[in-house]
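Each of the two complexes below includes chain A, the first together with chain B, the second together with chain C.
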Partner chain A sequence: MGKITENTRAEVTEIVYRFFSDECEVDINSINEKTNIISDLEGDSLMFLELIEIFKKKYSLNLELKTIAKYILRHPVETIGQLIDTQLLMIEHENNLVNL
Partner chain B sequence: MTETVAGCGIDIEELIRFRAKKLSEEGVDGFSEMVYTPDEISNNLKSDSDIKFPLCFSCKEAFFKALGVSWMNSNISWKDIELLFPDEKDVLNYNVRLSGYARELYEKKRCRRFETQLEFNDEFVVVQVVLFS
Partner chain C sequence: MSNRVLITGLNIITPLGLDLESSWAGIIAGKNGVGPITIIDTEGLQTHIAAQLPDSFDSYSAGFIKKRMADQTTRVTKMCYVCAKEAVRKSLLDFDSFDKTRCAVILGVVNTANNSAEKGTTSKNRILKGMNNAMSAWISMEYRLLGPNFTITSACASSAYAIGLGYDMIKSGNADIVITGGADSLINREDIEGFNELYALSVNNDPGNASSPFSAGRDGFVIGEGAGIMILESEESALRRKATIYAEMAGCALTSEAYNIMAPMKDGEGICHTILSALKNSNVKPEEVDYINAHGTSTILNDLYETMAIKKVFGERAYTIPVSSTKSMIGHTVGAAGVIEGAVTVMSIINGVIPPTINLNNPDPELDLDYVACTARKKSINCAISNSFAFGGHNATLVFKKYL
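Let's turn to the complex of A and B:
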């Protein structure tokens, strides 16, 4: 489990913004915390899975896909800001995410 | 007995998005471990074709849609739906296997059979699934 610092938040934000800018071919400056992943960026499952994989690798997370799905079922992710918050919780709690 | 359509799902995937995930026998990446079953991985690695993994992914998505669920809003797992190619050289010879929550939902919807159609070209794969009850 990792402690979340301001640096971690900045790093995660940078990765998420850059990822969607590259994948969706949009200007990174047009993305903000309120950007809707589906309606504004046309994001899909494949992108979401890729992003999870990036964070699992980068922070060596012990995190099952089922745990993430169970958490998201209760806390839906629609915007970039919500996605960043969820990624930070994944880093902080890993498989304990299911108990939040 | 009259047959009715219990669900229909269609999915399209761009091949270029999967090419970066080229797998090798030396190492299966985390993405593949999350999405594909061990049988799909070993089955598809034997093949020279680069469309089998995208077809597997698309088949899972199409089934989710036909069953009316998503992996983010139900207990369904990516691994509940398997697309296997018994003949490594023949992409049109395939079997679809359901297990876990996908099988449970399929039975709950009183489905008796399904039809799966796979299509592809150099850029895209498309999978269509129709469930009959």
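Let's turn to the complex of A and C:
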């Protein structure tokens, strides 16, 4: 997609926060970048995949699951902040993510 | 200390109530849980009645289950999970004070009922909802239990088999706590059609007398649904934490008839072998048995052969041992029947009350035991057995005793 703007970051952050607030039934104000997805929110790995689908559709990304899997193996995601950063990298680099 | 196996947690969800206490109250009152099927459209089916859970189950379960889990579980998995949560809460178990590698979850499950009756199944959650191991997995995750965690399937004897395996795990010293039980529902078009084709399901659509074990007019079982959880614990552990002890599990027998995929072995030979083995394994003499909670399905063959087997095992004394069928009130809960009826048996021991066999107004002249017809009866019970027999020849008899 190209360069990430402040607007994109804000949009992604809003979607991620809203998603976890809805799915985990927690107050959106209780979520911050350091919130741990598993231990604090009782989230699961499927949520990550569901978010990827949301962003693939929203930004028409050319992004294969195997690319994501290879990247995540090297850069594990535990917190909301890490998740947002990873989603932004996916939007920015799409399948080139594997080369990072 | 001996490895005696005690029951320190118990809960059931049945058509007569959403917990042990309300279900038990309904059972000893001889209430009939059978009525018209409302959770699916039965148009075109031969059978239109079943024993459904109270309508309030959905709102009740919502109080225990978060949205995320709700989306990933079937109604039957929710039954099991909620049942377990309440059983654990009432048992006052604090798993953090246990070696969690010695805490197991063993459930008997036919399937999770992810069928046409299940709402909200999508390609995204189909696998998670349909996993037959889902119930034990969710319970294990809830309490972070690290011991064996699995599901066994032996049709109508599934949860009785689970209890039997849980008993063995504690008896052999391989676990301190085992959460056992199961859940089931056949209220869906596929199962109703299938069991009708096998002539196993009653086509009497009068809820007032369709489930009538041991009666002359019985014509098949009536579908029930529900869940049960029995927490087994080593005596040492239970005494150490001053647990409430419901009863002792004295032993069991899990056997195979190796005879026919559907019909029981003729003249109840396989059933007889199972009961005798259970008594022997439990070091209980036939004369010690005070009550028999029968499999009592209301099918022609089961009720006849189970009666014949009881006569073979107990001889003349068979005529004086009270026998009753919980299915007369809550229908056949299939994979959950073993644990629900086991729980009812334990409650009979605790309360000194034998549940009735309702709808037994016209007894089959060939079936002449004391079936505790229509009304519950007070009787001190020190030892009781609970029978479960299944398509495929999977037989189980569980033996429970007052803990002394």
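As a working rule, the second predicted complex is superposed on the first by the 100 of 100 C-alpha atoms of A that agree within 3 Å, B and C clash if a C-alpha of one lies under 4 Å from a C-alpha of the other, contacts with A are read in each partner's own complex, and residues count from 1 in each chain.
Just so it is clear, a residue touches a chain if its C-beta (ideal position, glycine included) is under 8 Å from a C-beta of that chain, and two chains touch if they have at least 3 such contacts.
Worth saying up front: this structure is predicted, and the values here are computed from it rather than measured.
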item	value
Superposed partners chain B and chain C on chain A - clash or fit	clash
Contacts of A:T5 with chain B and chain C, given as first, second, both or neither	neither
Which superposed partner A:N99 touches (first chain B, second chain C, both, neither)	neither
Residue contacts on chain A - larger count, chain B or chain C	B
First (chain B), second (chain C), both or neither touched by A:S45	first
Contacts of A:L65 with chain B and chain C, given as first, second, both or neither	first
Partner chain(s) touched by A:K56 [first = chain B, second = chain C, both, neither]	first
Which of chain B and chain C A:N29 touches, first, second, both or neither	neither
Which of chain B and chain C A:L73 touches, first, second, both or neither	first
Segment of chain B intruding into chain C (one of 56-64, 74-82 or 92-100)	56-64
Footprint overlap on chain A, where chain B in one structure and chain C in the other make contact	50
For the chain B and chain A complex, residues of the former touching the latter	13, 17, 29-31, 34-35, 57, 61, 70-75, 77-78
Residues of chain C touching chain A in the complex	66-68, 124
Of chain A, residues touching chain C in the complex	22-25, 42-44, 47, 50
Interfacial residue positions of chain A with respect to chain B in the complex	45-46, 48-50, 52-53, 56-57, 65-66, 69, 72-73, 76
